[in-house]
Each structure stands twice: as structure tokens, then as C-alpha cells.
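Look at the two complexes coming up: subunit A is in both, with subunit B in one and subunit C in the other.
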Partner chain A sequence: MNGQYASLLIALPLISAFFVPLIKGAGKKAVKYYLVLITALQTGIAAWVFQQVYTSGKPIIVMAGAWRPPVGINLYIGHFAALFVFIVALVSFLMAVFSVRAIQVEPIDKYAMLFLLLMLGATGMIATGDIFNLFVFMEITAISAYALTAYNKTGEAAEASLKYIVLGGIGSSFFLIGIALIYGSLGTLNMAQIAQLAGGMNATVAQVGLALIVFGLAVEAELFPLNAWAPDAYQAAPHPITAMFSAFVVKAGIYAMARLLYLMQAVGSWHSVLKLLVVLATLTVIVAELAALRQKNVKRMIAYSSIAQIGLIALAFALGTQSGVDAAVFHMVNHAIVKGMLFLAVGYVAMSLGGAELENFRGLGKRMPLMAFGISVGAVATVGIPLFNIFWSKIRIILATLDVGYTWAAVLVLTASVVEAVYYFRLLHVIWFQGEGTKTDENIAIGLMVLFLATLVIVIGIYPDYAWNIAQKAGADIFNVADYIKNVPLMGVGA
Partner chain B sequence: MISVYYFGAISLILIGLYAVLVKKNVLKMLIGLSIMETGVNLLLVSVGYISGRSAPILSEGIGPNQAVDPIPQALVLTAIVIGVATTAMALSVAMIIYERYGTLNVEEIRRLRG
Partner chain C sequence: MLKRALAIITLLIIGYWLAQGLAGVPFGEDRMLVGQYYLDHVKEQTGAVNAVTAVVVNYRGFDTLGEVTVLFIASTGVGALLWRRKKERTAKTEGSIVLTTGTRLLVPFVMLFGAYIFIHGHLTPGGGFPGGATIATAFLLLYMAFIVYEIPHKAFEKVEGAVGMTYVIVGLIGLAIGGYFLYDWIWQDWQWGAENIGRLFSGGFIPVIYTIIGLKVGTELSGIIDNMVKEEVSE
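Here is the complex of A and B:
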């Protein structure tokens, strides 16, 4: 089949989002099942693209309107994009199933629309090969995320959303200034051509442009000084949306940052931008872990833990070596699985017991054994115990950090992991060894999803080689810019 | 010498940033955000200006060589729409906040803390 069909990854959610108001006529239940159906279709297409890219070893280049880049916009679905588009679709599918039970407030049609647009935005951010198109997809993701954060219509939700909008607005303005500087200096918006011409760019302009882009994306990617919105948004947003934020919206931001950074390797002042990012990432890990330690709300606690893991990923991306990038991609995959599962289980518990306060989790092991099992596997995996998936990616990140010589960063990050172990084991203690209760019914569909994700965590933990191979291929896609340029069929303009 | 367009655009961005950081009223912060977006848009179009040329519309007597760079204009058109959407979203959130809290002072909107 023709690779251009991969553009359905963008087209399908967009068209289906427009059909939601029509489906609403058939009833509220219909909208929820429609959402499940569309995300299932999207997962199917993403699986096909994934299989195509990994068997042929060649990226799929989708050219908009058959205009060859750099004149037209192109989608670059290489090893990385194929992997993450699949993860985005899969997580969306699981959360659409969860939404059938979890979303009881009106208006459901707007929820379904924003849900699809959030998935579309994240897919586009990962797949695009044009820097301004990246901005547009980032804004689609951000605006649907603002609206979904405020969806519950409580005062808290509106407050969280307002913080997110103000920070996101400043961030996207900075990002746009960065684009203006790069465009003004190079005269192109196509990523492959930027990479080709980057060597001849004025070092100061490049440094300022890159730093502005890193700051702009840091809002979406939750790096330290700009992540104050994240714990609030995670706490106040509907439960399925929280899982989507943590599993892929953040990842799309951090990926865009890494992609743009590595495209401009040839720039003279590149290493000073990397140093800035190393400092930001290390601070993110420490501040988030310390903040998580004193949380009473479990959802908020896991939100801080999620930010800390993103800090680890950013650290690995900021090393500027092949092993660091590979480790970062591997950690992104593992973290998406683990946090998807944790937020799913915690969200279900909060939904059935009316709130995610630590009090509600007393004796959960006796009342809801399946959810308690899911939370336990997720908690143990996040801390990085051997035989669980995050152990492998965390140790690779630490080793890659030591290779480059940032011993201080490795020490600080490891210390933060000890702090992480403290609050997760306190949660496990509350779940299994405190309180009494009798067994209550658990939803079978949600139980099965938790079991499926827990199996993935353990299987990757015991046989990491297969997933590691995939992560290495995806990492090479980001790190090896020469191949990236070669794969995009640039028309002979300006080159 | 710095072009007056660049100077004006950067000043607008800084004025907007100042308003967002310093003002206590949510609406004033949103006005600041809007001013900042305007500044960015002005910067984008001035990047594409080529002295002495006219609007990039092909017609009698105006060929591709007498027009300014059209790409930043397409970018700004997109960015303006995005800015309006963000502002509309933010204003509706501000309305909900006023209903629930009875104030628009950011120092009193502090129910979420941890």
C-alpha cells in the first residue's frame, strides 16, 4: 500500500471530531462508543504505519498536496514517530474506554471533540517535518488541553486551567519569536533544510533562537521554572485526561524540543544550550521529587512523580550523545506505559470512592485488589526496582550521564530516586497494611486494561532486549541528522 | 541602527510580559498576554519586509520581484487566529472563576495548593 495513506493519522481524528455533533443526535451513549470506535481505528492505522516503518527500515514521508519539501509541508514518520504515534493512539483508545465510565458530566459531545483534537495535536507534533506546522499542532494540543483541564467546571478546575493558559500563552509567544529568528536568519521553515543550513547560521542568533524555543517548549514539557501549572492541571482535570497528559502530551513537547535541538547540532553555540537544559532538567527532578514527598492527594503526588520522570528524560536528551538519546526514548516508552496504568488505576479509585485523598486509599488492597495490584506494580516500577521496565531505562540514563562526565547530575538524580522510593512505599504501606474493608466490585473492562498494562511492564522488565532494540532505532532517528536530511526529498532550493 | 519595527515589536512583547508578571487582576493579565501576541505578530511580519516593495499579490505590473516575502504573512494569519482562540478560551475561564470565587484577584484565587 502507498505510504501516503499515513496522512490518515491526521485526517481521521480531524474528520471524526467534526462528526461528533451529528452523532450526539443518536444519544449520549452513542458519543462515548463513537469515541471508542474512532480511537480503535486510529490504533489500527498507527499499528499499520508502525509495522511498515519497522519492516522496511525506511521512514514514510507524507507530502501535503504533493508539493515537495521545502515548498510544501511534509510529515516525517520515521522510527521515532511511528513508535510514538502508535503509543498515542493506544493510550487514547484505553482512555476512551475508561471515559465511558469516568465521564458523567455534561456536555459529552464537547468532551469527545476535545479528546479527539488532543490526540490529533499530539500525533501531528510528533509526525511533522515543518517548524511552523509544529507550532500549529502544539497550539491545537495546548488549546484542547486548556479546555479539557477546565472541563469539570469547578473553581479548582478553572483556576488550574487559567494558570496553564497564562503560562502556555507566554511559552507559545516565546516559541514563535524563536521561529521568527530562525526564519529570518535561514529563510526556511522545513526542518531538514534547517538542519542542512544550520552550520552557516550566526552563532548568537542561533543561540537566542534555540534558547527561546527551549523555553517555549518547556511549558508544554513541564521543565522546572515553567511547570507550576502541571500538578494543578493533573489534579483538576478529568481522570482519563490526566493519564493522556502524562502519557503523551508532555512527551510530544519534550520530543519536539529534542528534535529541534539535534537538528541544529552544527550551530557553533550548541553546547551552551545543552548545558542550560542539563541544569533545568536536574532541577526539575529534584524539585518535583521533594514536592511529591509532602502531598496528601494521591493524584497530585503521582503528578509530581511524573514531572520528575520527564526531568530524567530531558536530562538524557541534553547529554548530546547517542547513548543518552537512546536511553531517553526507552524511558519515554516505559514511562508512558507505567504512568498510563497508574493514572488509570488511581483515577478509577478516585471515581468510585469520591476523591483521591490518601485517606481513601486505606485498605485498598482488601477492597479493590485489582486496582491495588496495578498501583503497586506502577509504584514499584517507577522507583526502578530490577525486573520492572523502568529499572533498565533509568540505569541507562545514569550510565549515559556518567559517560559524559556530569557526575553531579547523576548523583543528584539518584538521590531524588531515593526520595521517590520513600513516598511510593508510604503509599503502598497505606494500601496494603492499613485499614480494613470488604471486597467491592471492580469494573471488568478497566480491570483488564490495568492487567494488560501491568503485563507489559513486567514483560519489558524481564525481556528488555526487544523494546531496547526498538528504542535504539527510534533514538538513531533523532540523533542521526545526516540520515534525516537524506531521507527528506528536498527540492533543489537554496541547497 | 535598529529598525523602528523591530524596536516597536520587542517593546510590545516586553510591555505585555510586564503586564502578565506584575498585574494582579486576571483581566489585566489577559490584556498583557494579548499585547504580547500582537508584538510577536509584528515581529514576524517585519522579518519578511523588503524595503520598497509592495504587497505580494500578483497583478498588472507587480511581479514576484516587486513583492515582499509572503511566507511571514501566512504565518501571522495563522498566529492571529490562534491568539484569538486562546484569548476566547481564557476569557471564558475567567468568567467561571468570577462565578466560583467572586473575585478576579490572582492573590485570592488560591484553592489549589499542595
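Here is the complex of A and C:
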């Protein structure tokens, strides 16, 4: 089949979101099952694209409007994008199923539209090959995220959303100024052509432009000084949306940051921007882990832990080496699975027991063994115990960090992991060894999803080679810029 | 005081830093790699006289589809956050007779002009977004002048969704005919209006898309106004 059909990844969620107002008369149930159906279709398309890219070894270049880049906009679905578009679709599908039970607040039709557009935005951010188009998709993601954060219409949710909007607005403006600087200096917006021309760029312009872009994306990517919105938003957003934030919205932001950074490797001031990012990332890990230690609300605690993991990914991306990028991608995959599962299980518990306070989790092992099992696997995996998936990616990140010579960063990050172990084991203690209770019914569909994700965690933990292979290919896609340029069929405009 | 002083100093430092960056951008020099291509080829490749709309709708149509989506999200988001089971307008004072009569007279002209802007997108400055905003202004006028006026919600919501779908469908037809998403089949394959450049019936699918965008933007902004001026009423 023609590779251009990969553009359905963008077209399908869009047209389905526009279709929702026409079927909202059919009732709440219909809208929810419609959402499940569309995300299932999207997963199917994404699986096809994944299979295409990984069997042929060649990226799919979608050219919108048949214009060759850099005149037109192209999507670059290489190894990384194919993998992550698939993860985005899969997580969205699971969360759509979860939404059938979890979302009772009206208006459900608007929820369905925003949900689909959040998925669309993340897919576009990961797939696009044009820097301004990246901005547009980032806005789609961010604005649907603002609306979804406030969806529960509590005071807390409104406050969280307001914080997010203000920070996000400032971040996007920085990002836009960065784009303007780069465009002003190079005269092109296409990522491949930017990479081609980056070597001849004025060093100061490049440094200012890149730093602005890093700062702009840091809001979406939850890096330290700009992530104050995240814990509030995670706590206040509807449960399925929290899982989506953690599993792929952040990842899209951090990927965009990494992609742009590596495209501009040839720039003279590149290493100083990397150093800035290493500092930010290390600070993110430490601050988030220490903040998580004191939380009484489990959802908020896991939100902080999620931020800390993102800091680890950012650290690995900031190393500037092949092994660091590979490790970061591997960690992104693992973290998406684990945090998807954790937020799913915690969300379900909070939904059934009326809140995610630590007290509610007392004796959960006896009351909801399946959910307790899911949370335990997730907790143990996040800490990085051998035989679970995150162990492998964490150790690779640490090794890559030591390779480059950032011993201080490695030591600090490892220390933070110890803090992480403390609060996760406290949670496990509360779940299994405190409180009493009788078994209550658990929803079968949600139980199956948790089991499926837990199996993934353990299978990757025991046989990491296959997943590591995929991650290496995806990492090469980001690191190896020469190949990236070669794969985009640039027409010789102005070159 | 200290806070303000610190803020000013920080801003000055950031401003200086940005100025340093800007100083490196060669303003006024010929830096148009892609821009020159657009200017040289816009007529033969898209059939539009207005280069900006050709870039926005045709060459970089993907971005415009995204922007339309952003607006759709904004309107949906406002709708979701201000959703109440029962909402009504609670305006208290009727506008003066000068205002209401003036509005009655003005609204058709404003709407006509809005439609003119988006239909002539490929020929004159403007296009779907300003045209749609102008139409929404007409509805804003109605809301401001009359205390009971309400847009027909059901119809507006459906139009909003349907025209959005049409945009994507036009793109998908391009995928089916030309093999590329958002491919301008009307111009590239049919050569429709090729001898007519500079007149109304030309420009490939640009007028079609701009009509869609105009309707979409008009209904969306009106919907946002409607959501924002209404208040919850207890039953």
C-alpha cells in the first residue's frame, strides 16, 4: 500500500473529532463507544505504519499536498515516530476503554472531541518534519490539555488549568520567538534543511534560538523551573487524561526538544545548550523526587515520580552521545507502559473509593487484589529493581552518563532513586500490610488492561533484548542526522 | 519594591540577550530560500494571485488545518468548561433604540462583507479567518444590542462539525485522486479555471477551503460568544 496513506494517522482523529457534534444526539453511551472504536482504528493504522517502517527499514515521508519539502510540509515517520505513534494510539485506546467507566461528568461529547484532539496533537508532534508545523501541533496538544485539565469543573481543577495555561502560553511564545530567529537566519522551516544549513549559522543566533526553543518546550516537557503546573494538573485532571499526560503528552514535548537539539548538532554553541539541559534535567529529578516524598495523595505522588522519570530521560538526551539517546528512547517506552498502568490502576481505585488519598489505599491488597498487584508491579518497576523493565533503561542511562564524564549527575540521580524507593515502598506497605477489608468487585475490562500492561513490564524485564533493539533503531533515527537529511527528498530550493 | 526591581533587572538581561541574538539575524538581506520559490511559482502552481493565501492554504495547508483545529479546540474547551444543564441570557437593559435600529441595518452588511472576504481569499487580502471573524462580529452585534437574542445552537454546532469534516474530506479526496493528502486536485488535475487567473472562478481549491474555513470560524467564534454571555439559571 502507498506510504502516503500514513497521513490517515492525522486525518482520522481530525475527521472523527469533527463528526462528534453530529452524533451527540445518540446519547452518552454511543459517544463513549464511538471514542473506543476510533481509537481502535487509529491503533490499527499505527500498527500498520509500525510494521511497514520496521520491515522496510525506511522512513515513510508523507508530503502534504504533493509539495516536496521544503516548499511543502512533510511528515517524517521514521523508526522513532512509528514506534511512538503506535504507543500514543495504543495508550489512547486503553484510556478510551477506561473512560467508558471513569467519565461521568457532562458534557461527554466535548470530552470525546478533546480526547481525540489530544491524541492527534501528540501524534502530529512526533511525526512532523517541519518546525512551524511542530508549533501548530504543540498548540493543539497544549490547548486540548488545558481544557481537559479543567474538565472536572472543581475549583482545584480550574486553578491547575489556569497555572498551566499561563505557563504554557509563555512557553509557546518563547518557542515561537525561537522559530522566528531560526527562520530569520536560515530562511527555511524544514527540519532537514535546517540541519543541512545549521553549520553555517551565526553562533549567537543559534544559541539564543535553541535556548528559547528548549525553554519553550520545557513547559510541555515538565523540566524543573517550568513544571510547577504538572502535579496540580495531574491531580485535578480526569483519571484517563492523567495517564495520557504522563504516557505520551510529556514524551512528545521532550522528543521535540531532543529532535531539534540533535538537528542542530553542527551549530558552534551546541555544547553550551546541552550543558544547560543537563543541569535542568538533574534538578528536575532531584526536586521532583524530594517533593514526592512528602505527598499524602497517591495520584500526586505518582505525578511527581513521573516528572522525575522525565528528568532522567531529558538527562540522557542531553548527553549528546548515541548510547545516551538510545537509553532515553528505551526509558521513554518503559516509562509509558509503567506510568500508563500506574495511573490506570490508581485512577480506578480513586474512582471506586472516592479519592486518591493514602488512607484509601489501606488494605487495598485484600480489597482489590488485581489493582493492588498492578500498582505493586508499577512501583517496583519504577524504582528499578532487576527483572523489571525500568531497571534496564535506568542502568543504561546511568552508564551513558558516566561515559560522558558527568559523574556528579549520575550520583545525584542515583541518590534520587533511593528517595524514590522510600516512598514507593511506603505505599506498598500501606497497600499490603495495613488495614483490613473484604474483597470487592473489580471491573473486568480494566483488570485485563492492568494485567496486560503488567505482563509487558515483566516480559520486557526478563527479555529486554527485543525492546532494546527497537529502541536502538528509534534512537539512531534521532541521533543520526546525516541519515535524516538523506531520507527527506529535499528539492534544491536555494541550496 | 524589591520584587519589582528584580523583575526589571531580569527583563533587561533577557532583553539584552534577545537583542544579541537578533543582531545576528541579517535583516534586509536576501534570505528568502523558500520565499523566493513561492513568489516565482505561485501563479502557475496554484492559480492564486494572492501569494499569502496560496502559501497558507496550498503549500502549507497542513498548518492551516492545524490552526482550524486549534480554534475548534478553543470553542469546544470553552463549551466544556462553561457547560451547565440550563443556561440563559441574563442581560438586564435593552439597548437604546439607536443601537438596536443601527444593528438591524448593519448586520446584513457586515455578514455580506464577511462572506466577500472569504470568497475572494485567492484574489484580495484576507481569507477564511478574517472573513469568519467578521461574520462572528455580526453575531456579537446582535448579542450586544438585543437582550434575548440567541444563535440557533443545534444548527451552529452541526455546521461547525460538518464543515470541519468537509475540509478533511477535501484533503482525503486529494489522497484518493492524486495520492497525497490535501492534494489540490481541482487545479492540478482538472486545470479548472486555468485561463481565468485573477478572476473569481480560479485558484484551485483555495476558494472552496476558504469558504469552509470562513463558515467554521464564524460559527465557532459565535459559539464562544454565546457560551460566555450566558449564565446558569436554577430550575
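Just so we're on the same page, the second predicted complex is superposed on the first by the 495 of 495 C-alpha atoms of A that agree within 3 Å, B and C clash if a C-alpha of one lies under 4 Å from a C-alpha of the other, contacts with A are read in each partner's own complex, and residues count from 1 in each chain.
Quick note on the criterion: contacts are C-beta pairs under 8 Å (C-beta built on N, C-alpha and C of every residue); 3 or more make two chains touch, one makes a residue touch a chain.
This is a predicted model, so every value here is computed, not measured.
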For A:Val166, select first, second, both or neither according to whether it touches subunit B, subunit C, the two together, or no partner.
first
Partner touching more residues of subunit A, whether subunit B or subunit C
C
Between subunit B and subunit C, whom does A:Leu290 touch in the aligned arrangement: first, second, both, or neither?
neither
Touching partner for A:Leu176 - first (subunit B), second (subunit C), both, neither:
first
Just subunit B (first), just subunit C (second), both, or neither: which does A:Leu412 touch?
neither
Which of the two partners, first being subunit B and second being subunit C, lies in contact with A:Glu106: first, second, both, or neither?
second
Pick one for A:Ala47: touches subunit B only (first), subunit C only (second), both, or neither.
neither
For A:Val71, is the partner it touches subunit B (first), subunit C (second), both, or none of the two (neither)?
second
Once chain A of both complexes is superposed, is A:Lys153 in touch with subunit B (first), subunit C (second), both, or neither?
both
Examine A:Asp232 and indicate which partner it touches, taking first as subunit B and second as subunit C; both and neither are also allowed.
first
Does any part of subunit A touch subunit B in one structure and subunit C in the other, and if so which residues?
132, 136, 139, 143, 146-147, 150, 153, 158, 177, 184, 189
In the complex, subunit A residues that touch subunit B
132, 135-136, 139, 142-143, 146-147, 150, 153-156, 158-162, 165-166, 168-170, 172-173, 176-177, 179-180, 183-184, 189, 231-232, 235-236, 291, 294-297, 300
Residues of subunit B that touch subunit A when the two form their complex:
13, 16-17, 20, 26, 29-30, 33, 36-37, 39-40, 43-44, 47, 71-72, 75, 78-79, 82, 85-86, 89-90, 93-94, 96-97, 100-101, 109-112, 114
Subunit C partner contacts - residues on subunit A that touch it in the complex:
2, 4-5, 7, 10-11, 14-15, 17-22, 24, 62-67, 70-73, 106-107, 110-111, 113-114, 117, 120, 124, 130, 132-133, 136-137, 139-140, 143-144, 146-147, 150-151, 153, 158, 177, 181, 184-190, 193, 202-205, 207-209, 493-495
Subunit C residues touching subunit A - in the complex, by the definition given at the top
17-18, 20-27, 31-38, 58-63, 65-67, 69-70, 72-74, 76-77, 79-81, 83, 85, 157-158, 160-162, 164-165, 168-169, 171-172, 174-175, 178-184, 188
